[in-house]
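The structures considered in this document are given below.
Shared between the two complexes below is chain A, which pairs with chain B and chain C, respectively.
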Partner chain A sequence: MIEYATIEHTRESWRLDEAVWTRVRNVIAFLMLLGWAGCAAGFFQDSERFFRSYLVGFLDVTLIALGCLFFVMVMYLTGSAWSVTVRRIFETIMVTIPLAAVLVLPILGGIHHLYEWSHSEHVAHDKILLGKAGWLNPEAFVIRAFVYVLIWSVMAIRIYTNSTAQDKTKSVKHMDSTSAWSAPGLLLVFLSVSTAAFDWIMSLNPHWYSTIFGIYVYAGGGLACIATVTVICLWLRRHGILAQSIHLEHYHDLGKWMFALTVFWAYIAFSQYMLIWYANLAEETVFYTKRLVGSWKFVSGLLLFGHFIVPFFFLIQRRVKRNLGALLAAALWILVICYIDLYWMVMPNFDKEGVRPHWLDAVAWLAVASTYAFAFWWQLKKHSLVPEGDARLEQSLAHVNI
Partner chain B sequence: MENSSLPAALELKELHGVAAAFESPDKLLKAAKAVRKSGFTKVEAYTPFPIHGIDDVLGIPHSHLGRIVICCGALGATAALTLIAWTGSGDPLLFPYWTGLGAYPLVIGGKPLFSFEPSIPITFELTVLLSAFGAVFGMFALNGLPQLYHPIFNFRHADRITDDQFVLVIEKADPKFDATECTRLLQELDPVTVEMVEE
Partner chain C sequence: MADLAIKSPEMLDEVTPRLVQGNSTYRSLTEDISRIVEKGTPIQWWMAFLPSVAIAGMMFAMLGYLVITGIGVWGNNSPIGWAWDITNFVWWIGIGHAGTLISAILFLFRQKWRTSINRAAEAMTLFAVACAAQYPLFHTGRPWRAIYWLFPLPNTDLNMWQNFRSPLEWDVFAVSTYGTVSALFWFVGLVPDLATLRDRATGVRAYVLGFASLGWRGSARHWRHYEMAYLILAGLSTPLVLSVHTIVSFDFAVSLIPGWHTTIFPPYFVAGAIFSGFAMVVTLMTVARWSLQLQHLITTKHLENMCKVMLATSMIVGYAYGTELFIAWYSGNPYEQFAFANRALGPYWWSYWAMVSCNVITPQIFWFKKCRTSVPIMFVASIFINIGMWFERFVIIVTSLHRDFLPSSWGYFRPTYVDILTFIGTMGLFMTLFLLFIRFLPVIAISEVKGVLAQEDHVTKHGHGAHH
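After this line comes the complex of A and B, so read on.
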């Protein structure tokens, strides 16, 4: 029989070791330097490409933070106990979201390189774009971008400060406050992420529209968020951090979430595809016909197998979810395929003949990811690694999957 | 402690096992460990709520329900695809949909007689439906439900199993079972009461 941890016999430290923290910070800072220097070089070499690559990288990592925001709110609303020991990791990723206000600037600056509707002389000759000009115009686009980030930041900071205050006071009033914020917050965040997806991705092809598109994008973000948390927890575990507090039963549950979101992503992706296929209207099918050209059709096929069929049959197995090595492999693969999914949404609008990988794709991602990672790592040291004051902590430590 | 010697009437009836009631989950777990350690295998616990770790202690293996569900799900998917192929296209084994000789070949919206896109929702629904049947009825079957009679209700404190008592039974079916020996063993484990339970 397995002996489970309780507060009394969890003797491990819930603080990051100074030496480990500094070493990792230095690595992240170096990668950040590398990423931004590469971005600068790329910008002068091929500014068109820089903006495209940067857009994909920015979306990929920002959606991970937004996924965490969603999950933390859901955890509070459902009163989930299993997730308490993992929650501080979610919360710390979530609270990096104000950085998006700065990281979104290159996209706003590159608006004329990315979005054809931003050219007024082009819009003037296009009846459809004229009709959409009330929403799709540069001023509104910029204002909306900041409003989105403001909504996300207010929610994230409110929840985070509540949670860390509870570490000390141990009072449930912080928990109640977060729950009260989360109910309307969830609605607000879902709507704003949805319209952000319309703005930043869907309007790359401004004639096309799909109302389910926001959910499709956010489903991928949620999946990538769980995969990220899994990878971070397993990395910490390898360095002996949180090895008792986050045990096999919590990893099993993270695996279940990865499985569930894989299915959810496929459900939404297929819903969008089938309705467009069935109606067979030229202005709608253009999204898919663009992605069945040249080598893009292999990427489309890769998404079908790599984003759904293979992870589905892999993660459905209990023994995979309870095998930390296999779970790590699944999480890393999901992070790769979620990036490819966004790449597949953005790039066919520009590289019309087929896939044209570019070194800037990797470098732009690295710049954004390392910046978020730096903020995450900085914040992680400030507070306990586990929400110590949470009323359900003991329950979470003793969590068992029957 | 009562009932350490057998009443004559009980000896004549068929015996189900020896039951002991405990006042806390901890005591039950400890007792179950001790009983299993003494080599008994046919041991059952009855508790007001699920107790973490009791499956491990009693040596109950992981349920086969998952396997039943995936078989039912696969059956549902196969049934759906066969149905679609047969009604829409033709012989499901040979799959000659291009001949249009199916049971009900109907062109709808200018679409081909068979395509995957509209078939997925039907396949999905039938997969989920049969998986759910497999899960519910499989659970019933594995638990031996519905069960109209169970000997544990002959235990005098049976009604308190749904309230505040935690009961452990060593069944007569156990190869090592011996009524007096089991009673003695259970009495050493700090129970509220130990009793023989009729079949």
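After this line comes the complex of A and C, so read on.
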């Protein structure tokens, strides 16, 4: 039986316990050291591989933060009440996005290792690449990367400061201000994430193109972000933090979102695959033929089952969404499969024979993830764990799924 | 924490504006909505109905002429084998989508503001599907045989078997499923309200309504089953909102024609459908709330929300236009590049720019609250959007076909008077059905609005957290 909390009830658990905080910080710091030391070693051992692995890791975690940015803006625009008690977790992940300005540097530095269009002597012999050199050239690529991060950072910081200011002032004017920022913000963020997906992933094979690609990439990021928030909340719950503010009803809704985004991802993935398969044009099918070579075809099959069929039938059940253990399993699985999805988008451009796992894949991911996690954890302590000044807080605490 | 509690209706309005206004009570709600169908037929209704029937009659005359003479009475030619027929089909099907989105998806998203508009919007879905269905049916030229062309039925005279690889065949199943589920959903939602009308009626009317309301008594058990059925139908309708227009987009996107074959088509078509559907709902509901005096139930807040949805879907559609243009250039494919240059600058440039100005530029006014809350402005804008969405389909279909790979077979499409009158005729059919609907059925879901009223009453009297 769940307890439906009132504000007074949960007051004590809205701050992180100092001892817990320090312990976790130390663990993250250790992992960060380990990750970056491993990256340095990997860079000297096999720099080609380092850049590829790093790209996948960077995309995976950055897309989670961008997914949070998207959802926070949507929550404000729709006046969402159920999500208020979980929103601070979304917001704190979101506000780590300025770190991307630093974390993107290895990709910009490794541009010649990753992107064939960055070699002007190669482009000179390729009529098609010459045609798109106005977009795909190193200078424009670097400038665009910083513009993207700037847009995301401005939006994230603006929303975060508004939300935390409201903790004290308890005034709806912050809420209105964030809504006003979120409408154009949603547009700018969606546009920039799509073009970032074109730049960072689609241009790995610069001859290939697909208009839906930006939506495909962001759909995965949105899904991974809900899974991340679910995992974080469940971890906090295990330590007695926010156990009453974020109760079963909120987890049920997070589960619904994971289900909905699983279906949405599958819808976009199917649309892209089916249309390319049906038209059977060589310049488009190359994307999939590359991914049906050798062991890549098992990864492709794994995506079909692991990214759609299995989570679909698992998460469609009400009892799964209302069972915290099962929900945790689903969320963790989704995080794994979203990583595999990105791996499957990036690596077949290089490992043409089949999957070639490398220790750097794990280490590079660890470096990026722990860096974002460190910023997240640092920021989480600064403010209340729940937006306590939100006018819809009581509604959220009392939220029930009928 | 006292300053957080919502104590007065004015405070609630600041955070979540109330959706039922004008001191309504349960009794006054029943009265306001039932009275529309119970009182005598107003003369204004006849003034709208008779011309609509006449225009619908014109459609049937045109279709009769087509059947007797042949498809040649339309302006379709080679290479433009599809023109106004499928443009109108897609336009009408798209308009239906707002109804399903409002009744199903907004229900799952717990958007209470849907309750005042869902009934009418869903009715529009059904009527729009009826209008859309005319085009593929009559494009076969022999509609009485169409059943064998469309459905996999054994037949000896035609020796016909469907091509299941064709998205046109998938369309048959998608649209007929959509029509069926929408009709069921609409009817299930109507049952409690029909019972309300029955309880107020006498004589034959009471008997007919009693039959239609399936013996509804409003017991707790009835409500429990009703709520469950409603939720299941909402769950079933939600994928239909996406699947129908997705499959419509496949009609084009599976081909090899530049301008048709692009992967963004499915979500882009769905967003466009919702966009056009909301425009049609705004067009009709602004008129209906005024003529039926329902301003306290279909409030400015409802209209403002619809304007916001139009703005959002307009931006999605704009995103798709932009992405298509960008990728056409980026692809380096000369055929793609030509198709898009030809759209914007070729002989049909006017239709492309009509589309862009109606669909992307016009809705920008909805960034301003003044425009989102002004009924005349949103009415005019919604008409522009209706026109723009028609042009979108025209642009996709006709401009992509009229210049194919061989310049020797290029052509130009001009509609004939049959094309034009048939299209206007479907609007007559739509209006006829819609006017019959507001005359005979409760135009607003009485029981659902009462649910919202109950909740808002509760919140203002006892504060947010108190219930449960």
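We take it that the second predicted complex is superposed on the first by the 396 of 402 C-alpha atoms of A that agree within 3 Å, B and C clash if a C-alpha of one lies under 4 Å from a C-alpha of the other, contacts with A are read in each partner's own complex, and residues count from 1 in each chain.
Note that in this section a residue touches a chain if its C-beta (ideal position, glycine included) is under 8 Å from a C-beta of that chain, and two chains touch if they have at least 3 such contacts.
Computed from a predicted model, the values in this text were never measured in an experiment.
J.: For the three-chain model obtained by superposing on chain A, do chain B and chain C clash or fit?
T.: Clash - chain B and chain C, as placed by superposing on chain A, overlap.
J.: Applying the touch criterion given at the start, work out whether A:Leu187 contacts chain B, chain C, both or neither, answering first, second, both or neither.
T.: second
J.: Just chain B (first), just chain C (second), both, or neither: which does A:Tyr278 touch?
T.: After superposing on A, A:Tyr278 lies in contact with both chain B and chain C.
J.: For A:Thr169, using the defined touch cut-off, is the partner it touches chain B, chain C, both, or neither? Pick first, second, both or neither.
T.: A:Thr169 sits against neither chain B nor chain C.
J.: For A:Ala398, decide between first (touching chain B), second (touching chain C), both and neither.
T.: Both chain B and chain C are touched by A:Ala398.
J.: Which partner, chain B or chain C, touches the larger number of chain A residues?
T.: C
J.: Pick one for A:Arg318: touches chain B only (first), chain C only (second), both, or neither.
T.: It touches chain B, and chain C stays clear.
J.: Where does A:Gln45 make contact in the superposed view: on chain B (first), on chain C (second), on both, or on neither?
T.: neither
J.: Just name the clashing stretch of chain C against chain B, choosing from 2-10, 218-226 or 362-370.
T.: Answer for the clashing stretch of chain C: 218-226.
J.: For chain A, which residues belong to both interfaces, chain B and chain C?
T.: Touching chain B and chain C on chain A: residues 4, 274, 278, 398, 400, 402.
J.: How about chain A: which of its residues touch chain C in the complex?
T.: Per the touch definition, chain A meets chain C at residues 4, 6-8, 77-79, 82, 127-129, 131-132, 135, 170, 172, 183, 187, 190-191, 194, 198, 207, 209-215, 263, 267-268, 271-272, 274-276, 278-279, 281, 283, 389, 391-395, 397-398, 400, 402.
J.: Show which residues of chain B lie in contact with chain A when the two form their complex.
T.: Residues of chain B touching chain A: 50, 52-53, 55-57, 62, 66, 70, 109-111, 117-118, 120-121.
J.: Enumerate the contact residues on chain C facing chain A in the complex.
T.: It is residues 1, 3-6, 14-16, 109-111, 227, 239, 242, 246, 250, 253-256, 261-267, 308, 311, 315, 319-320, 323-324, 327, 329-333, 367, 463-468 of chain C that touch chain A.
J.: Would you pull the chain A residues touching chain B in the complex into a rising list?
T.: So the residues of chain A touching chain B come out as 1-2, 4, 270, 273-274, 277-278, 280, 316, 318, 398, 400, 402.
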